[in-house]
Amino acid sequence: MTNAPRRIGVLTGGGDCPGLNAVIRAVTKTAIFDYGMEVIGIEDGYRGLIENRMHPLTSLDVSNILTRGGTILGTCNRSNPSHFATGLDDNGQPVFADVTEQCIRHLRERQIDALVVIGGDGTMACTRPFAERGINCIGVPKTIDNDLPGTDLTFGFTTAVDTATDALDRIHSTAASHHRVMVVEVMGRNAGWIALHAGVASGSDVILVPEIPYDLRCICEFVEDRSRHGKRFSIVCISEGARPATGEQVVARIDPTSPDPVRLGGIGEKLADDIAATTGLETRTTVLGHVQRGGSPVPSDRVLGTRFGHHALELLAAGERNRLVVQRDGEITDIDLGSMETGQRLVPLDDPLIAAARAVGTCFGDTSA
Amino acid sequence: MTNAPRRIGVLTGGGDCPGLNAVIRAVTKTAIFDYGMEVIGIEDGYRGLIENRMHPLTSLDVSNILTRGGTILGTCNRSNPSHFATGLDDNGQPVFADVTEQCIRHLRERQIDALVVIGGDGTMACTRPFAERGINCIGVPKTIDNDLPGTDLTFGFTTAVDTATDALDRIHSTAASHHRVMVVEVMGRNAGWIALHAGVASGSDVILVPEIPYDLRCICEFVEDRSRHGKRFSIVCISEGARPATGEQVVARIDPTSPDPVRLGGIGEKLADDIAATTGLETRTTVLGHVQRGGSPVPSDRVLGTRFGHHALELLAAGERNRLVVQRDGEITDIDLGSMETGQRLVPLDDPLIAAARAVGTCFGDTSA
Amino acid sequence: MTNAPRRIGVLTGGGDCPGLNAVIRAVTKTAIFDYGMEVIGIEDGYRGLIENRMHPLTSLDVSNILTRGGTILGTCNRSNPSHFATGLDDNGQPVFADVTEQCIRHLRERQIDALVVIGGDGTMACTRPFAERGINCIGVPKTIDNDLPGTDLTFGFTTAVDTATDALDRIHSTAASHHRVMVVEVMGRNAGWIALHAGVASGSDVILVPEIPYDLRCICEFVEDRSRHGKRFSIVCISEGARPATGEQVVARIDPTSPDPVRLGGIGEKLADDIAATTGLETRTTVLGHVQRGGSPVPSDRVLGTRFGHHALELLAAGERNRLVVQRDGEITDIDLGSMETGQRLVPLDDPLIAAARAVGTCFGDTSA
Amino acid sequence: MTNAPRRIGVLTGGGDCPGLNAVIRAVTKTAIFDYGMEVIGIEDGYRGLIENRMHPLTSLDVSNILTRGGTILGTCNRSNPSHFATGLDDNGQPVFADVTEQCIRHLRERQIDALVVIGGDGTMACTRPFAERGINCIGVPKTIDNDLPGTDLTFGFTTAVDTATDALDRIHSTAASHHRVMVVEVMGRNAGWIALHAGVASGSDVILVPEIPYDLRCICEFVEDRSRHGKRFSIVCISEGARPATGEQVVARIDPTSPDPVRLGGIGEKLADDIAATTGLETRTTVLGHVQRGGSPVPSDRVLGTRFGHHALELLAAGERNRLVVQRDGEITDIDLGSMETGQRLVPLDDPLIAAARAVGTCFGDTSA
């Protein structure tokens, strides 16, 4: 443990995700119990580092948090130290500055030797400058969508699938009772993992993912064919990032408070309208939205978060530098921290689960079935 | 049992609701086991009666349905025998006719002596002409919203509150982690019962119901005041039918397939935008929608459905005519069938639960607090 | 508010129960926000009063506790100030003393004017001497079993029924797959409310409650009759306090650490053995035990706890003395504190829910069916 | 598909397990939709094959079963065709015979070319003679306990962990409110996977598994040490097969109806008594039992069951013979059917999850911590 740090900082960045507290707890307890390190919690992601808001974490602080959603440290979506909005110019436009040195000074003042950074690709990109300036950074990947390259699984994904499946199960009874087509829009802007897994788990009739642009005609024929065979309802599970093969623009509502426009729903309602217009069937849409990020993590996410947090500390204790904790082939291991920054792990078109879903009769909105 | 019917029909009308199957099961089993009656299930509400689609129900048919959402009989929102769309005229406009006699003929042909009608105010209005022409009709009130006059409680309401509370609980962790104002829109077009109960149960900071028009300024001040006192997030639970005191029009999206336009979301997003614009705080909206109607009924709704169904049969066996099963002061009893047809049971402004909620610090968007 | 107290104490006594924290939160917030009172939390029931362990409760202390099971104040089953074990005599036997005056001194020292006591009949019996000596005591009834006289409903009961029903639902699939008789023992030493409600909600085939001594032969004939009609499994939901009509002694395991012997299971296993021996059918037992007391309260228990707590404070603010908060005919009201001390609210043999359950084919182990 | 069967049989053997219906559904739908095969469902495991009870399965028969626990085919624990109890001898002792040929005749009569056998090691042992006599048998491994060699994961395990974790979470509030040691006994006769995962997921203080014989003194010291540091309660999660290092016999209750005695609880109560006797702390035991086998499978078990069933059919369609479907390193693949018959997959003492659990402060009842 010669190179092991004596005092570490921990922060959570990006959107919240069930299991964050499990990581924080495992990091803190392992550091204190096993390695006699001190732990400093940095508040609200990189914003807390910029604004020098941090506080010591004791084992008592992380008692009783394993089962809780969210993050006790707080998080922040838009606080990149390399490009931080420090104020407004004369025209009311934000002025950006690189405040990395200021952050490093805050770390030095508190004698923090290393950082455990729990976040997604955006947060890891913010982390690189710190690693380059000699701060040892251990990354723990976080995404609801399970689309980070380098790791087969991330905590929070299984909980999100669970929440989405529960909603799809509930909607099933309405669909069947009313003979309706029910469209349920789940998370997944670029990758369809949640839609694929929740769709298969709920026995959805149609699953639409961003990786397979859909053909409205295929979907309508499928739904009408079911109707002709006495199944007068259908459940469509659609990723928020799914798109028609036509490349048609999806009109979307914009969040006025967000610098980078965030779509609030959109494709689910469009598809429901299109199906209704084409088939004359009664359709309804539900956009699951934020409920998918919340709630107590399912047990396997609590376990995965604990393992990720523990492994991060093992790396620090072993003197490893700038690693990213990952799960590969069922094992917890680690790769170079830089590995996560590029690309996205999409659902491969030959994923065996797609084949299995097609075999049990699921329509993916294309003509391969 | 001299006047008791020998063969009864049962139908479910209107939107689906957890507990419908509990009623169907209790009606069927009580009829068969206790009174040796036969039971005919009418498919898809009054539409099945019009189209002569019905089938015998045995005790085996209703085995294993107690825990299931929806209705095994199917339902239909828009099939009033007094005013039924029988086709289109030359201009493509629907032609309506009164097909009540045709329905009565279908009942006579099958020797059905009485009807158990499970539905809301719309379905009960459809039922009146049958009662007037001598068909003995026993009504069982059904509404997710708990706003039917005459009965203190309806099955399905507690399940809907449970589903809404679960979603509010989940969203709490996101709100707290991100320091956001989260607006959650729940069911309730005219009455705020779901918002009131789910809001209190989840400890929502703001509860907005149709009965109390809200003042945006009050809400914003409340939310900012919380923020100043270190609680940098707020949960707003709003009924879909809540409205600002200004009487301002709420722009809403219209379901193009519906003859009577159904709003798909609307007020929740409007309020979130208004709060964001006024306070600058980050806001997000979730519209729970159809998940509130679905899923396995909670135990107390299974019990209530069972009791309602059983009581309906007791009435038939006792030779009672045209009664409506209700719960009053904790007892299952019955009133004249006509009683449900008018009015709506709104949340009284002096409801003690509102007072209790105010006392624990909840804002109702008005200035009475 | 002339007679209203300025500082109140609150304690929770007896077994834990979902909803206790909802009461504590409502008491504390209402006291502080609405009436400017101070609140002192007494730890571990009357034990904390005896040992002078108490601390102020702020509104922040009761934030975020609404959804949590248990009690943040702690509780204690065996600490009656009138008869408190102060030590051991020369023979190692406990010596008891009346330490009521000591408790009153602790209250006076902290200038506590009134007590809110949340507990069952045992706790209320402990409370009487305080009321007699001039301490204003407002009682809030607490019991999982829903068997306290004076109130129609207590918080925690609905959650316990929910937990028991969930377990019965789970066991249903095993019973059906294996063609077994599954006996599930639920709480209820004297009253069968939990067994009755969870039994009806889960569609249990046999429901056995303490109020109806059972005849083994009836149960076996019923189960065999089902088997003959192709239903080769049965679910038996039995209260821990159910007993055979023979008056036969039930051998029970004793908890060695408990002064008053507590039975750990017993009747469920006995019945399963008896059914197996009589019918030759394969049987299995599950004793639900402590899980029924735990977990997050269901929404209606959070609401009921909030209302009870709020009403307790309304009474104090109005200068009322020594009242017990209750629910009657759907209203929250109050009765004399002494009213709860005697008797027990058993399931009446003519309870309409028993009639409804019989009508849908449930066996109660007697010959009235 | 030259060697592919035209008609296949499917059976489920051994204890029930969430996800069985997902396998049956995937097998049936894939066979019918993708390969035009016919599917025959064999009732109650090998017993149905012996007694010639089977029926065709259509895609409609397997609609709506994905979310249901148990098995629609029924199962049977004790029906080995090689050693089947055909009757009783003059002394009332069972007479056993090899009825394999009779089973094969039943298969030939129905022109069943291949079997999909879903079961554990016992069921697979029954399957070998069929494979040896030329029936193509594809095995799908099933065990709640996740202890089958050859596969990293089996469906049902994650659901069982979920159920156990939910119970442990519930019990946490009682433990904390009463300052008790709560012992919760979970499934796992030989392997401690459920206890390990549910224990870590619930943050249990002590986890006891069969693989690590426990030292009572270690446990008591740990629990007392917690108590001294202000944590006056502890949760112990113990496998039913855990044993003290002393090799002491655990007195257990025997199921009188079972040929091979089945223990009903035992070690949990013993441990609780021992802790109480040694430390004087108040202890309570809960034996979760059969609830762990039941209920709707969690989404990932529905997905895994679907993938296993689909892969079984892929093997048959490809003309593969006598294979066992498994998951290895996150992939669905297959091994020789014989591979499962020997040994058991225990928790390795160097399992990284044990290390992670120790690091966050969990006691495993030994002195390695």
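The first chain written gets the first letter, and so on, giving A, B, C and D; residue counts start at 1 in each chain.
FYI, contacts are C-beta pairs under 8 Å (C-beta built on N, C-alpha and C of every residue); 3 or more make two chains touch, one makes a residue touch a chain.
Predicted model, so just to flag it, every value in this text is computed and none were measured.
If you average the CA atoms of chain C and of chain D, the two centres end up 35 Å from each other.
Note on chain placement: the centre of chain A and the centre of chain D lie 32 Å apart, centres being C-alpha means. Between chain B and chain D the centroid-to-centroid distance comes to 42 Å (mean Cα coordinates, whole Å). For chain A, residues that reach two or more other chains under the stated contact definition are 169. Taken as a graph of touching chains, this assembly is arranged as a ring, one closed cycle with exactly two partners per chain. Interfaces, counted as pairs of touching chains, are A-B, A-D, B-C, C-D. Residues of chain B that touch chain C in their complex: 25-26, 29-30, 33-34, 59, 64, 66-67, 152, 158, 161-162, 165, 169, 197-198, 200-203, 231, 298-300, 302-303, 306-307, 310-311, 313, 329-332, 352-353, 355-357, 359-361. The residues of chain B lying in touch with chain A in their complex are 12, 15-16, 18, 20, 44, 68-71, 74-77, 163, 166-167, 169-174, 176-179, 182, 253, 255-258, 264, 269, 273, 276-277, 280-287, 289-291, 293-295.
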